[in-house]
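Residue numbering begins at 1 within each chain, and the chains themselves are lettered A, B, C and D in the order written.
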């Protein structure tokens, strides 16, 4: 059983900004893909905004077990049809890991149903991610806390639904806190939001962060067959009911008719 | 303190179908508005799909504490800009009660982030809504269960996120079950999904159903000032940090600059 | 509608320690009771460990809408029979607010089912409670954050179940974080855990803390009739079933017999 | 990686009642242990009430990854010290699966913190367990629903906390519903409550039920090292703080002192 991960990156800062390119010469997606494959059990491909259909064709997504998402300045450039496709695949069972500024991506806001807003500051301050449940699969191998010497501050309130589990909470030098590791279940798919990942610091070269990414991919992986018709609302006529049933009363629909959408 | 409710109805079946018109001569919205005002404390207005902006202008929504939503065959006809507006108002603190076939409305699917699909059958069968927590404010005054002699069957799986609270679960004559009363918190707003309400049966004339609607409006009402900037992600520069902070390391943004969206 | 609050305190430090007595000359319970009654709508009585049955007789609890609990060094001295009684009343619908070191009280550990352990440090450090949902009833009237100049540090991991809602998260000068305001529903009763309250600092004289206590009492209040038989598991024999039912197959119990416990 | 399961049974009905003995000649525990080992990956031992320390010594529990619990008429005979031990092991990461009448066991009530009460009827009626999330690991390989020709009715309200996930809901011939498969996380341990299992029907010989039991054991298994000190509340003195800290203000405890419990 090898998990097929796909790392998506908007891949703009690395081409426009010298600092970011210095840290991630081949792009954040390549650094993350490398992190995922440092141990056995995960294969990782990459896709970027610039590719046709942003590299997220139906065929590609159908072969993806877990999608990782990094985006920042071009959320609006992501095609709605592609977002629809990703959302459907999550409902079918594909895992999704949303990183850092991906909090404002179309796909994350779609799946949360909330503004996904927060407070922020780019001052290179110290951050410390406390592990809330050290035996959670996503925290495996991580010590009591992850220390980051430089980080962008993301502060509460973070406008997301109450999570299934709070895995990390971050302390910031400037005085804020943030729920930095949150899990969600949406349809058959598992979602993990992970806050670290500002592009001007070498976050994705940090060994603990890389370990969390691998753990998260394993956690989000659902080995079940994709639930392809998860969005269908089938009519179950009276003669297919599991209990004997005689129709009564008025009806709007004809026998066996499809419903409205 | 009077709660300002607004009952929205797509108002099509009542104009096209004799059975439905027979039950709700002035529309489902009028029956619900009447139910809400049977006791003191709630004033109710109505709005329908056919009105300009579907009767849901910004000004109207700003004066609404709790919005009730009934739609079925014309979900696609609801303008996306109006859905955006409603979603923002929920995040700000407006309550939302989604009824029956509203499970497939744009606004509900947006707020849930899931397909909101289910199984259904229109055979006029018996249904019984069991009260899970009889001391929940929404169940106030309701006995152990609500009996419906005729109902449309809505069956599990119901593709919604795990709720904050399960308030009702329905038993159907044909052998199915359904989580028929579910609460959610999204931003500052409370949401209640309530399954009963098929248009060819006089569901909204049932005293228990009417009581639940009133209870739900009271429960969903948030007396706090609307959180108008709930969707903003403000920059909190280093010199506004609550702890003394000296910027360090490289930065992408200039001092005080707005973030990307 | 006036809410009947009862403030329970083990009342030991105030009698043994000069510093604590200096801050709370008549006991922490009196300071809290005073805070609760600063606005209309709440009446507050007090009870302490030293009274017969710790002041928590059945009669007293039956007249209590919301119980507030402060304990620290004498958790073990609280009689199990009294704890049973309080637990039953919470299931029936009495609200419960557990403060600070009450995390290790018998009643809180009973209701959570987990160790309720945490990390701590008594160094008088600065603490800042960030409001996660500013429109939550418990946060009403509180600004973005509550600043405490001196506090005991309580650090994660905090071994409690995932809450219904995270209302506050605290930042500590020494580098830790803590989920400091958490809500739970247990049976018909609402529970709020609130972290501040170390006895050597004047926490309960702070206006914001006092406001949160009043808010929490209002939030935890359930106006429904107490669910007196909430712990019963009644037999519903076949001839009382809502659907016609013919018994079949072997049975262990005689008709109408009570179940085992 | 082989999961070490331990099946606990009070083992009384099988010795006292001919019907039950006829179905489970060597005890319910043996039938379950056999079910668990029908596929590779799980080894199963058994323990019963009658053994010294009910077969649940510290040493035994320390070697157990997942404990399965069946009890009915002798909940009160289970020693509190053994219950303490099991509860601590769950907090450390041991999985726990509670079956049927185990809803009233000491260990389940302890972990839930609620009355765990329900309604019941022994009339051999038909029951149907609907799968809520067919891609949940616990539902793997199960069709849309599990049909039971004879079952004891367990009806709502079921007085447990809102679960992490609702995996099954049961429909009963007599008109009731029940949340029959519920997951919880408590400390590092995962808990699954599964309703089927009345002793006078051959429930544990049903292939679907046996599959769910195996699935549940795999789901509840936490491969992480046991969190042995999960219940400790260590003092973290100022000079061990991760941020430089100067103590200030009055203190109750001496430097490095242990806290109260």
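For the reader, a short list of remarks on this structure follows.
One rule holds for everything that comes next: a residue touches a chain if its C-beta (ideal position, glycine included) is under 8 Å from a C-beta of that chain, and two chains touch if they have at least 3 such contacts.
Everything quoted here is computed from the prediction, not taken from an experiment.
With every chain reduced to the mean of its CA atoms, the largest distance from subunit C is reached by A. Of the two chain pairs examined here, B-D and C-D, it is C-D that is joined by more C-beta pairs in contact.
Note on chain placement: the centre of subunit A and the centre of subunit D lie 31 Å apart, centres being C-alpha means.
Subunit D has its Cα centroid 36 Å from the Cα centroid of subunit B. Centroids built from CA atoms put subunit D at 27 Å from subunit C. Within subunit B, residues 128, 133-134, 155, 162, 164-165, 175-176, 185, 187, 242 each touch two or more of the remaining chains.
Subunit C meets subunit B in the complex at residues 93, 128, 133-137, 140, 145, 147, 164-165, 185, 187-188, 222, 224-225, 227, 242. Here subunit D touches subunit B in the complex through residues 128, 130-134, 155-158, 162-166, 169-172, 175-177, 179, going by the rule given at the top.
Touching subunit B in their complex are the following residues of subunit A: 13, 17, 19-20, 72-76, 87-88, 91, 101, 104, 110-115, 117-125, 150, 153, 155, 159, 161-162, 164, 173-176, 184-187, 198-201, 230-238, 241-243, 245-253, 259-261.
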